[in-house]
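Think of it as A, B and C in the order they're written, each chain with its own count starting at 1.
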Amino acid sequence: MTDAVATREALRVVGRPVVRHDARDKVAAATAYAADWALPGMLHAAVLRSPYPSARIVRLDTKRAAAMAGVAVVLTARDVPRNTLSTDVPGQTTAVGPLRATLHVLAEGRVRHQGEPVALVAAETLELARDAVEAIEVEYEVTPGVFTPEAALAPGAPAVHGTGNLLAEWRIARGDVARALSGAKVVVEGEYTTQLVDAAYLEPESGVAWIDSDGVITIRLSTQVIEHFRDVAEVLQVPHNRVRVIGTYLGGGFGGKEDVTVEAYLGLLALKTGRPVKMVWTRQESLLSRAKRHPYRLRYRTGAAANGEIVAQQIELLADAGAYAYLSALVLLYSTVTAAGPYRVPAVEVDARVAYTNNPPTSAMRGFGAMQTVFAYESQMDRVARALNIDPVAVRRVNALRRGDTLPVGQVIETHVAIPEVCERAWAALGPRAPARAPHLKVGRGLACNFQPYGRIVWLHDWASAWIGFEMDGSLVVRCGCPDVGGGQASSLCQIASEVLGVTLTRISVHVSDSALTPLAGTTTASRQLYMSGNAVLKTARELRAQLLRVAAPMLGGDADELDMDEDRVVTADGRTLAIADLLRECARVGVPRSHLGVYHAPAGEPVDLATGSGKVFPDYTFGAHAAEVEVDTETGVVRVLAYAAAHDVGRAINPQSVEGQIQGGAVQGLGYGLMEEVVVEDGINLTTSFATYLIPTAADVPDVRAVVVESGEGLGPFNARGIGEPPIGPPAAAIANAIEDATGARITRLPITAERVARALGLLG
Amino acid sequence: MYPFEYVAPDTLDTVLGLLREHGDEAKILAGGQSLIPILHYRLAKPRVVIDINGLPLGDIVVENGRLGVGALVRYHQLEESDAIARRCPLLAEAARLIGNVRVRTLGTVGGSLAHADPAAELPAVMTALDARLAVASPSGRRTVAAREFFTGPLTTVLAPDEIVTGVEMDAVPGYGWAVEELSRRAGDFAVVAAVALVSLDRRGRVDDARVAFGGVADRPVHARGAEDALRGREPTAEALARGAQAARDALNPPSDAFVSGVYRRHVAGVLCRRALTRAVERALGRT
Amino acid sequence: MIARLVLNGRPREVDVRGNQTLLEMLRDTLGIFDVKEGCDEGVCGVCTVLLDGRPVSSCLVLAAALRGRAVVTLRGLELNGGLHPLQEAFVRHGAVQCGFCTPGMLLTTLAFLEREPRPDREAIRAALEGNLCRCTGYTKIVDAVEAYVRGESGPQ
């Protein structure tokens, strides 16, 4: 393993826990979030949503609503210039084939899920808009719906769309699974069920749109993808250059703001009324209708040899896409590629399917399909270890992928795999075992590791661009299309620019997330942003630096290669200096630009047909392991997490404090998934549409998360960093389930692990 | 929200007059922690909202071995009051479990009782205490026993023109007390709550026991069977367990989308035993 | 009607509708964005203000019902135009990610510390149980509060 500490070059700014510029603004509430915006003459918008999961719209009459005082406009499907939204893999300009999906902006003739938007209102006040929504006359004829993927795929099931209900299928077949299983020392069979969950960002979907000079429809909103300006332009049937999306600093995203949310409505209403329009979803509305995480049924048969080596995995995955495809096919692809875990498995079969139902639609969420599989493969791993009497760390060590190994999909692992190290360090970080406080309280420990892709699928030809320029006084401007979801995305770019160009961090200002004014950098999703826009800024800064040093060299006498940039100066090897402002004046004099626009292209690959071929799918992966100590009340089933540690190899931590924060935040979100979060839907009706019923962890529900940052020095991001946005959300549910089995012998295979489920597994309920 | 008429009368008589005039088109605003979300979501649309926070109903009074708590006493006052700590510390322990710190700043005793959430702590506590609610209407005043006040989910005996002005209970110094609660998440409202008060005679036997549950039915449940099983007995672990079992066996809790009736019943038994155990330890002066 | 209050130390009289909440009055009428809207049911805590020194959900308070009481929002914490040491501690300890929960966390913490000046980590967590955070996982928020209690200026 590369010893990162020994070989790391001396870095000045990268690798330090610098204070983020946005943190100062946020503690003073100086950050203007999307809803903190008002313009003169602004209207307020509200949406009429279907109360039924499957129905025909028999009658829709908006006359009474439109005639109400203070109502500017009421719109339905026929008022939308092009009522189709294509949810491409966002940000891509390359064709994406079966990954493309469509849905309507406003329902046309029928609704397929509860909460589906049917009509739009803009009025002088929010109260009037909601009154008008209530005054819209709509008659539905309820039609038969289908509410589980199993039912959806059964013969004769009602078709959610014109086609059959099977939305996508991916298959991997490698080696002879049947033979390997028959020769295995143990075969562990398990069926695992994961639940529907919501991103539950604290900032609801919000935005304001207005028509700016030259007819540019400008939408200022909370979004992870500013490239949706193209989708809005298509809906409005205006040229793409007439729509501008300004992304604000988000109050949380987690994948829930990856699809189009309020943009299309805002653009439409601004265009129709000619006035500024604001839309802020209520929490109820967001919990009801925003796309969620795919629930899965995961069936595993895992065969292992006596020494713990996995000899075969036979895996069947079935996911619920809800009523509209959104990014379901892509999510399923992530599950398929990661289904066998970060392990060397010679024989693997994966059969993965996702089906339409009339449940709430599902789409992107932190982890994106590679998260649900962790619960299954790490529960299986633990059960294999128990069956063979091998300890949890040892069984992972024996099976961990190594550089040069091949994934089931045929991709060769090209970078260091830190699985053994992160397992050992997470386990050790739990510290001394807590004693049981009373006879009915049992303490146990569990380990779970994972791997999460970072960066886009390689055949999508991902790229990101950035512009960096000096002002005449030596202060620096960075412009990059990268939305900041709160993880310090914008701040990291400043750190990288500061490192390369030697500009003091406080002399850098960064502008992000504006589709008209910042070079596009793609989505803040897929743990790709540090990798992509970080590399874009790195590349651009290096190119700018070379450009400037070519001018500096004759000024200082000597070679450009021997010059450094530090503390706002150019420095020679023998310590002579040139103030940056002086260099910039010389650049102006000789006509050399003080700025540069750079593009970083991720290494691309050819499309892989998972059913027949094999090859590289993702650029790379982030490997991690979590360890949990729990206390189980064996009289009530209540589980308390006593201690928690999370270790990830991040390649290099650009900002160690931000990295720790991502690990801790992701771990707690994962604990919520494991212990308490569930969107309860019965026959398509959502029963958890408030924060009183949809429960996310509070400070009293979780212990300190001991974040262990491992730096192998290998990663494809800037300074060898790896993506860390998503990886920490994967392991917690399995770590908890494994710890509960250690404490009580009971294995829970359904999420969330509620006290009642534990009580049942302990036999308390007869 | 939607348009309603907001009025803030200074006197109880004015409030009662408004209730007589508007009946069930009016709603009382006390702490607002339950009412305002209902108005936000338009689950109810009263024409008039009567803010009673200006009425002099915020006192805690001790008199003749009885403790009187005004309807506008806030949950945090229950936590912080010396009189309650001395005379009925059960109220302080229960108050600490209610909601979050913001709810405890504004939420009121009267509001909790009138709202009658079957899982709420105070209705169960008042049931255990055998408290008596003071009710005012335009036609006069009456007293209703807590054990008769709650008639269903979010339903009480209150007529549309009646309001709770306070609640009175025996001051119970010398009693041991405990509230045990299980919730889906820390600090959440209870799935099941068990309330126990126990006093011991000079021989160390149970002289009086008062037990009630929240979250196991459509209203708080007075566990008469458990009380009978315990009176006169030595409070051994076995006796307490039998009492808890008697309480549990009398229950038939409903299931909802999140928690089954079978689980509620099981947990009620466990929490009752734990509440009785702690109450006895307190009665013995051990904690 | 008129809402009467003392807002961040200044007596104010504001024209409001009878059904307008304190949250709406602050944001929509007065343009004070220190308070956010997260759930409209008093659960998430992003709308927290201090009312006579105690935390309340401003989404659940009617503006007309204020009766001259004292309301403090985040800008009421400023010391000599600069950040309060607790705000500094949040910044230095990485306790701020998306920032949406931050104003509520700060106000709740300060009100709590008035009553309990030397809490341990467990007590801090219990005190902040009513303020949801989805980004940080809470550890660094507790670190920041603990550091502030100890009078430290930055992470060790």
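Everything below uses one rule, namely that a residue touches a chain if its C-beta (ideal position, glycine included) is under 8 Å from a C-beta of that chain, and two chains touch if they have at least 3 such contacts.
Just so we're clear, the structure is a prediction, and the values are computed from it rather than from any experiment.
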item	value
Contact-richer chain pair (by C-beta pairs counted) among A-C and A-B	A-C
Centrality ranking, top chain (CA atoms only)	A
Distance from the mean Cα position of subunit C to that of subunit A, given in whole angstrom	29
Chain centre separation (subunit A, subunit B; CA means) in Å	44
Subunit B residues counted as touching two or more neighbouring chains	1-3, 37, 40-41, 186-187
In subunit A, residues with contacts to at least two other chains	282, 284, 690, 692, 698, 700
Per-residue overlap in subunit C, given as positions that touch at least 2 other chains	40-41, 43, 126, 129-130
Subunit B contact footprint on subunit C (complex, rising order)	1, 17-19, 21, 40-43, 45, 48, 51, 54-57, 59-62, 64-65, 67, 108, 111-112, 126-127, 129-130
Touching residues (chain side subunit B, partner subunit C) in the complex	1-6, 8, 29, 32-33, 36-37, 39-41, 49, 51, 53-54, 76, 99-103, 105-106, 186-187
Complex contact set, residues of subunit A against subunit B	127, 130-131, 134, 282, 284, 635-636, 638, 676, 680, 682, 687-688, 690, 692-693, 695, 697-698, 700-701, 754-756, 759-760, 764-766
Subunit A-touching residues of subunit B, taken from the complex the two chains share	1-3, 37, 40-42, 182, 184-189, 257-260, 262-263, 266-267, 270-271
Subunit A residues touching subunit C - in the complex, by the definition given at the top	17, 19-20, 22-29, 31-33, 35-36, 38, 200-204, 249-252, 254, 280, 282-284, 485-488, 657-658, 660-661, 664-669, 690-692, 696, 698-700, 702, 704-705, 707
